[in-house]
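Chains: A, B, C and D, in written order; residue numbering restarts at 1 for each.
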Amino acid sequence: MSNAAPLSGVIPPVCTPLTPEREVDTASLTRLVDHLLEGGVHGLFVLGSSSEAAFLPDGHRRTVLDTVVGHVAGQVPVLAGVIDMTAPRVADHARAAAEAGADALVATAPFYARTHPAEIATHFRTVAAVADVPVYAYDLPVAVHSKLTANVLLELAADGVLAGLKDSSGDDAGLREVILGRRDRGLESFAVLTGSELTVDSALWMGADGVVPGLGNVDPHGYVRLYDAAARGDWTAAREEQERLFRLFGLVHVGGPHMGRSSSALGAFKAALFLCGVIAHPTTALPQVPLDGAEIDQVKSFLSEAALI
Amino acid sequence: MSNAAPLSGVIPPVCTPLTPEREVDTASLTRLVDHLLEGGVHGLFVLGSSSEAAFLPDGHRRTVLDTVVGHVAGQVPVLAGVIDMTAPRVADHARAAAEAGADALVATAPFYARTHPAEIATHFRTVAAVADVPVYAYDLPVAVHSKLTANVLLELAADGVLAGLKDSSGDDAGLREVILGRRDRGLESFAVLTGSELTVDSALWMGADGVVPGLGNVDPHGYVRLYDAAARGDWTAAREEQERLFRLFGLVHVGGPHMGRSSSALGAFKAALFLCGVIAHPTTALPQVPLDGAEIDQVKSFLSEAALI
Amino acid sequence: MSNAAPLSGVIPPVCTPLTPEREVDTASLTRLVDHLLEGGVHGLFVLGSSSEAAFLPDGHRRTVLDTVVGHVAGQVPVLAGVIDMTAPRVADHARAAAEAGADALVATAPFYARTHPAEIATHFRTVAAVADVPVYAYDLPVAVHSKLTANVLLELAADGVLAGLKDSSGDDAGLREVILGRRDRGLESFAVLTGSELTVDSALWMGADGVVPGLGNVDPHGYVRLYDAAARGDWTAAREEQERLFRLFGLVHVGGPHMGRSSSALGAFKAALFLCGVIAHPTTALPQVPLDGAEIDQVKSFLSEAALI
Amino acid sequence: MSNAAPLSGVIPPVCTPLTPEREVDTASLTRLVDHLLEGGVHGLFVLGSSSEAAFLPDGHRRTVLDTVVGHVAGQVPVLAGVIDMTAPRVADHARAAAEAGADALVATAPFYARTHPAEIATHFRTVAAVADVPVYAYDLPVAVHSKLTANVLLELAADGVLAGLKDSSGDDAGLREVILGRRDRGLESFAVLTGSELTVDSALWMGADGVVPGLGNVDPHGYVRLYDAAARGDWTAAREEQERLFRLFGLVHVGGPHMGRSSSALGAFKAALFLCGVIAHPTTALPQVPLDGAEIDQVKSFLSEAALI
């Protein structure tokens, strides 16, 4: 474990713009990166769940990496998701991400096959052994169907296997257990980032180092204001910003019962970026159901109310 | 929908032997294929869950396909699993499998991202559109965390999207709903295969066409005897064989609480094949926990009792 | 464990007719009992899930018991559900049921508080210790959120705690494990009844002793024909009857998305009994959502097609 | 909806001391009430999950109510849990609690039978219609297997059905949705209490009115200090107190793999109260597994470290 300060700040999971033919729209992706950098974010996380990584073939994943790493050119760290079922498959993504110049990797627990804490630990050890860059654990039980425990995480942190955690479990008591555990064990360089974009003020209050907010694609300035307010100790301002963002987040629910919750949320983020003129098409990857016109109008209302358009 | 008879018989999901260095052990794989063909099986399913497909990088998957398709040389149909999170990624596997000469593909519902019946239907339509060979749906809620419904399956069958179902859901009422539904809608060429290796006699009794038994790696003769007995209407013999195989199946539980249920079951299948001299190493893929010596001894006892060694 | 033959045959879970004011409609209940006895059933199970036991206050439960036990007057055994969260509460119901003259009790695993196999065993031992009549275990994971294992069941059978199992888990491999396990351990007087009304032929084929079918309220003759056919070894007739009942069972799905699946199923059973003239009102207990007119018309169509009206 | 201030402060769910014969130990219960009142708590919640309500027969529930209501004699409000499967059964408990003089009732969503948002709303309306005192909703998905949504809760608040929420879901984004929703709709007298005893500082920070902490049985002073610090705006002191309590909470995990998580937690609370001399016996209700000597020693260590013994 190095003594360096942990990764911190606002690190949005970057949406992956697609053309109507569902190829990666690299021009839009570049504009989106600029939009986020101008918003003041402290890092970028590509190929995460909000990036539709589960829907991107390896070729698309590589295009995203090359485009973003090349365009960012070291201004901020670029973290790359290496989402796949188990370590041997994740290792292939890890090699590709390293080759493309990613600064760090983000991996979930194994999924598809039923797993076990001992297997989860071996999984991360195996991934870290092939990676030349720091590895962050991504806790996302809604997708992965297991929960990373503080015990496993801190054991792996102590052994230098993991550089940090992106916690999207929604379990703030569990988040606190990791935060207090790293303090007790002197693992302060282990980064704790929350992916719960609706409780960022309280996560930072508990001691988290930063946030990975899907909604940060749409309103990076908001999350940066929230983070900055917390950093300077103005918690009331942080809370007010969070409450404003909470209301804006309502746009993820515009999709009706004819689609899944993921289609609705990712469709809404892309529709918002399209309506704001950041990306050229609101297209989502197959087999997601696209938002219809009325649903896109609702996204527009949320943006108007937030004075984003 | 063609008028051809549906795929039928015993079609085991072929284990993937690994060397101690965890490369595909093609010599063992070839011997395993011979073992199964000598056992009288009617087809082979490579790259399924029992094949550790979730643990195999693309390169290993391709080696398995090339080895098995080449060695079988058309004696029986080879079905290839194309297990991945969503249609765009599955499509890449489908192209690779077609190139390698697979006779049919087997795909699950989308997983990782939350899904919806409409999205599941689009998923299979997208996969079928890129496949030159028949596509079978693989219902495995324990891995995929959604259930394929008879309505979606039969709609896709009627539209010529799906050629059949491998049902590993353990839901025999749901299996029956598909069987009666295909009869009512005149979709008799839609194949219904059960993956529930402990209730094969009753699945065949209900009208299923065949079985995809993981345990069939270890005892292909047993499943072929069971199928043949049912085919000639000797249901009492079928039940007796099933009950014998039920007891043999107990070997999947030898793994203790220090591993997951998947490590235990796949480890036991491979240990059995190793003990029977079919494969050279009982190695399972990372991050699975290997069986220890006492657990392998228990596998040996099951094999002795079944007179397989 | 006695050497007596296990309980067997068709033992429907008796619906609980209510007046429009949601009191127990004892006149209708008596008619329903007659309808079932005339249908040839071998026992009656009151206060089970299909009886809306979860919705009945203790006073209603006692009225049901008194009405049915009194009216049946020993013609067939009356089993009484004692559904509650844990042993100390179940024990109170057990005493009330014994006082009312029930011939046997049916209890689930503990629910509400998280449980454990050791606690499940203690739960049944505690209940059996206060009961003067045989106790049957009721496996219903969809309600209780844990699964009874063959190991726990057979240990309790061997110790004389449990007289049998009503398996509504839908897990036919698990059912078979109990059936083979009781044979291996010489526990043949332990009754195995399936609650899966759509796979009765195969459950009997595996060795189950009987069935507890909710749909048996509507069509007791059908289930008795199915059971009798199996008993005389005419499995083809059993399957045909089961397939006919499978189609009739479609009535449980008439309820639209404005209600839960339980409201739909229990509402449909009661609507069918009302349309057949057996009970005076189709009223279900609060807070269930009632079927609307169009949904009741669909029930009518199912009954017409089955020639029950 | 009245204009009164909502219920607020520290309102522990009172453990139910038992004699070794598993009768309610009213002397210990009275001492426990005194211990809590001396700790400065603002109300008492009897017959909740931490009170082992799921394990208490109606007679025990009534004894608890009579004992606590009588002993408190109006010093603080006494809320009574009315935990049961559905409205008609809950109504009986509601009448008994009102008769005993409870100041308010606390009810969960329906459980056991599968439910639906419309049914959940009817459930609470039915309970409120028979209750003469305010009704609080208890959100506890781990026991009840459904989640109360902000929409349903606020609709019921607006209609005067619910007086508040006890949120033990662990979903702090959902908690915030209720808090912001009540503000937006002018429902400020609707009380929001968290049951998540490890994130009380952040819940209060978001705008919650109070906390219902199981651990408050053991250390009421701690939770009162935490609440008071927050009330006077000293959030740093609140966080430090919360972090201290977080570490003390570790005692709930002393129970080994031979018991369920509920046996461990409730056993540890009672062991701690026993070791502190508040209650006479650490006995838990059947069928829970008791802590063994080594586990009780671990509880002692936690208490020592917290300077509570």
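Quick note on the criterion: contacts are C-beta pairs under 8 Å (C-beta built on N, C-alpha and C of every residue); 3 or more make two chains touch, one makes a residue touch a chain.
By chain, UniProt protein names: A, B, C, D = Dihydrodipicolinate synthase family protein.
Small disclaimer: the values here were computed from a predicted structure and weren't measured.
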Interface numbering overlap (same over half, different under half) for subunit A and subunit B: same
Winner on C-beta contact pairs when B-C is weighed against C-D: C-D
Identity of the chain that, by mean CA position, is farthest from subunit B: D
Centroid spacing, where centroids are CA-atom means, of subunit A and subunit C in whole angstrom: 49
Between subunit C and subunit D, centroid-to-centroid distance (C-alpha), Å: 35
Shared interface positions of subunit A, touching two or more other chains: none
Chain contact graph, described as a line, ring, star, complete graph or other shape: ring
Pairs of chains satisfying the touch condition: A-B, A-D, B-C, C-D
Residues on subunit B engaged by subunit C in the complex (per definition of touch): 170-173, 176-177, 180, 196, 198-199, 201-202, 205-206, 235, 239, 243, 246-247
Touch list for subunit B against partner subunit A, complex: 22, 49, 54-60, 83, 85-89, 91-92, 110-116, 118-123, 125-126, 142-145, 258-263, 285-289
